[in-house]
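First chain written, first letter: the chains are A, B, C and D, and each begins at residue 1.
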């Protein structure tokens, strides 16, 4: 059995385990106040080209989304997202649990359209009943998206400009940011993001860490964000677990290098799938690939290959996801070729 | 510099790191649906002598408290705790953030008194205005407490009987449960807890794990508790991180053995402190020791020894905490003797 | 200037004011524990043919929706509503503010389709990721709807049967219930509702009261619902204000009689509008009528007649709402004819 | 049976009912956008000597407290109140329900002591763990207090100065503000409050209105406070109900005059109670009087006179509350004399 179900099927990059082991008996202060967290933050801010910014480490993606969104919004505000946005679908209502509505726009291959955002914000602004409605308080997008697609620099800039026109910030869910940036289709770098959005996070869980997401506020975090993290149950006593992992990931660009592996394997996987005549549901330039399988074939294949069932396609076919990751090897792709 | 500041200054027990490394490239399902989580749950239920029970893994203590309490309470209910209870003081209002009041009783060396609980619940029951008040919906105690003290079996039984008399469950915050059970002063075992409370958790973060708390519901969890965990941002994608750690801790009673180390070191530390004539603020039979230091002496000592400042004692003295842990060695105690 | 903007432009039915004045100096217990509240509840339960049920009075519609929904749902559940449902649009996120997501289905002239509800609930039930999603915990519909339309008995029965098939209750927002029941198109009565849904409310604010909504639980209210009302800030100290109003409305079927007036006037208004060749946006059998006005004409008309701007129709036309109410007189309709 | 149980046993001042009746068929815009609300706001701001301020009308006290507090606080902040403060005791956890902790200080005859507030805020400021704690975000006091006592001008000024020193506002719950201001013991006026606190409300429910509280922000309300009111379910569709009532209460100082009646009757009642040798629990200069009754006597008296049972005094005595109001007549006091 070989799994292409997701990008979190293995543990961590070995270098992370090595450094956790190496530093294990150093006595360190808790709650992120240790030198590894400090070092990791400096390295991340350097990589993001915003040394004046602020970095906070949280444990997982849903938690990070809920915490950042709650910190940015006032009670009467909601988060604008596309209908496939992770916060509105597969986070068990974590955002609503903190009191905020997710305001949805249509999705286009998982992406938000700046024109539709503008139309929504303009209509809200003009609505005579707007005082009876949830105010849009931030724009949320994921990069790469839930369909593996990415925004171009121009698209990000247009979305941000639209949001700013209405006085609201743009927040990027970067659970899979590494895979977006490593894609040859991506026309910007990590260092560009400080100008293309107002806050984003660098996902560790899906890009080689055991857990951990690094939130980057290029212009400083909301007041008392540390307390907000604690209030959300997102503060690790052993903050070193996050600090050491991110310090490792941002040493010698390990983060970028292992993300690139996933993209190379994905390109190989695309070739394999195409060579077998398997139709694609959409074109994704990152590590998630969505193909259409006939249901009987799908059931047989599932006995030897792990993939994720995404959505029904028609009465006899299903859309499934194959994902590569930092840990996928050329041998695994070869194995897949044989099993298909 | 040597730290006795807390019981989470080091990383994890080396056996945990060894097994994380050993299993690192096994491809596993996410979200706790892997064989290590299953195995860990079986071992924990066996150790707790409640094979019919249910175990869930969460990441940290504040998170676990807020999640379990919210799952057990209805909106109109609050959690009864003593005034020093962790949920009411150092969790940044995480319980209130989910909508529930912490209803406080006096503390006695950090403990709740069953008679005072009975008096409170009886008064509430008799109050003509009770429909305008928050209903007590569960009783929360910590074991060991924030002052390192523990409840006797009789005390637990009496508190639980009182809670049950009024139809509400008893929840034990076991962030430091290992150290309580390992104390020679403790007259019950892990296997007894299923009868002495309604839900409890076995703290990993402070007893040898990198992170992780194992919630034990001896009689089954609240409906959809998995979704509740997700909604609280407490579900790890790489659930293996928790499964492997707890599987290790509950193999050959590693959890009990390393907790016992902390207690042995604490006994040695008590002897050292007493030999230096340092007065104790209270007597604790576990790994946290509270002593009274003259402020000038305290400041000098702080340059070589890490301890936690707890509370002012009088104008010229301060109560400080020294903690041992699974990682404390006899050499560290010896060093402390020299530095005092 | 004559207003057809809404059904709450006037104060209260004069009989209500008369009885408030008549009883004004009677000394009564507060918080709904007075004989007028008791009497009103008995009369309502008699009119609803469920003498074993329970009635609670709240002040306004948004408040009632948020309070009832929060009382019926567990934290991990959301309310299923159509996309035009009042709770999801014009209640400022009051439901999300209590932690619950509004799960939306398409609307058809403001109504939910039982087949679409079934499809959604079945898909959720079959979804492999359902534990990561908000669970549907109740179905919310409004009667009459935000477009003035009503459900047939068969439609209600089918929606309820679908909800029950999945173990969830049906809640009817009856802010305009009187106008639905008074419509000649309605094939059921107030006494039938106990069998067609699980909880509903009888709107007073829009049907002749100064304020007030009477929630009817045909089979008993959730535990401690009084405290829930208080917690939502929805409990009036002078509960008499609601008791006397509903006691008056349910004496000699005043509620039904004044609702019938609105429907008769609406029928006359339809005739007037049609006679002027004004196109209807949709056909409504109740007191709200939606027509399409050319924008220039609309602006001129707005100087003499009050109506509600609903939504843009096309570049040069707008959908507007004209509403009648318990207070609308034949003379007002005549005046409208002259002004159109 | 004659009731002195509370100050909301009767309906409304007859002038209010007269004006509600007189204006009943005027067609008015909803949601507080009518000329009566506008007029009432102007009159209130004039009476408060802060024409640049902002007034909002809400329906009841618990609702107003929860709404204002939530609007003023950020998620990580709580409200500081004395342990008898209404928000912490008899509001069913409405403040916690919105996510905020009530941080309690000791009470002294129902009042907060500025020195104790200073000590608490200073200790918080100096606490090394403060980032793990709920931040004090506002100070809440009630005027008159739950024990009928009032603050002197100097006391208010000192509390406000202390709060401001730590950058937080002072909020006065004025559910019984009228009775405080009408007391001969009060050394300030309504016009002084703008300088003595940052936001307060003028209670209508307990001072002659059917319902309604007028929140006064001397320096402007929080952004989108209208939406916040709606989100809390506190916005009346028929805003006229509040506008007309407050317009009446602030015409020719009706509010002050009827509050004064309560105080005069209270002084007479004190004389009657003293003449009967009934001991007072404490001295209150307003409309609530707390006396100690022997339990047997209390039970007999309760058959003819309504009073509120407050708290046990000792094994054989109970503290009870007698309240006068705008509606209490000299004849009622005379009757009480005969029944005692």
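Here is the rule we go by: a contact is a pair of C-beta atoms (placed from the backbone, for glycine too) under 8 Å apart; a residue touches a chain by one contact, two chains touch by 3 or more.
The structure presented is a predicted model; accordingly, all values stated were derived computationally and were not measured.
Student: Taking touch as defined above, what minimum step count separates subunit A and subunit C?
Tutor: The fewest steps needed to get from subunit A to subunit C is 1.
Student: Using only Cα atoms to place each chain's centre, name the chain farthest from subunit D.
Tutor: Checked the centroid distances; the maximum from subunit D is A.
Student: Just how far, in Å, is the C-alpha centre of subunit D from the one of subunit C?
Tutor: 33
Student: Would you mind pulling out the distance in Å between where the CA atoms of subunit A average out and where those of subunit D do?
Tutor: 49
Student: Give, as an integer number of Å, the spacing between the C-alpha centres of subunit D and subunit B.
Tutor: That gives a centre separation of 42 Å.
Student: Which subunit A residues sit where two or more other chains touch them?
Tutor: Touching at least two other chains: 75-76, 91-93, 97-99, 131-133, 227-228, 230-231.
Student: Using the touch rule from the top, collect the residues of subunit B that touch subunit C in their complex.
Tutor: 31, 70-71, 74-76, 98-99, 131-133, 135, 223-224, 226-228, 230-231
Student: Once bound in the complex, which stretches of subunit B touch subunit A?
Tutor: Listed in rising order, the residues of subunit B that touch subunit A are 1-3, 5-6, 8-12, 14, 17, 20-21, 23-30, 59-64, 66-67, 91-94, 97-98, 205-206, 210-211, 227-228, 230-238, 240-241, 306, 327.
Student: What residues of subunit C sit close enough to touch subunit A in their complex?
Tutor: Per the stated touch rule, the residues are 75-76, 78, 89-93, 96-102, 128-129, 131-134, 309.
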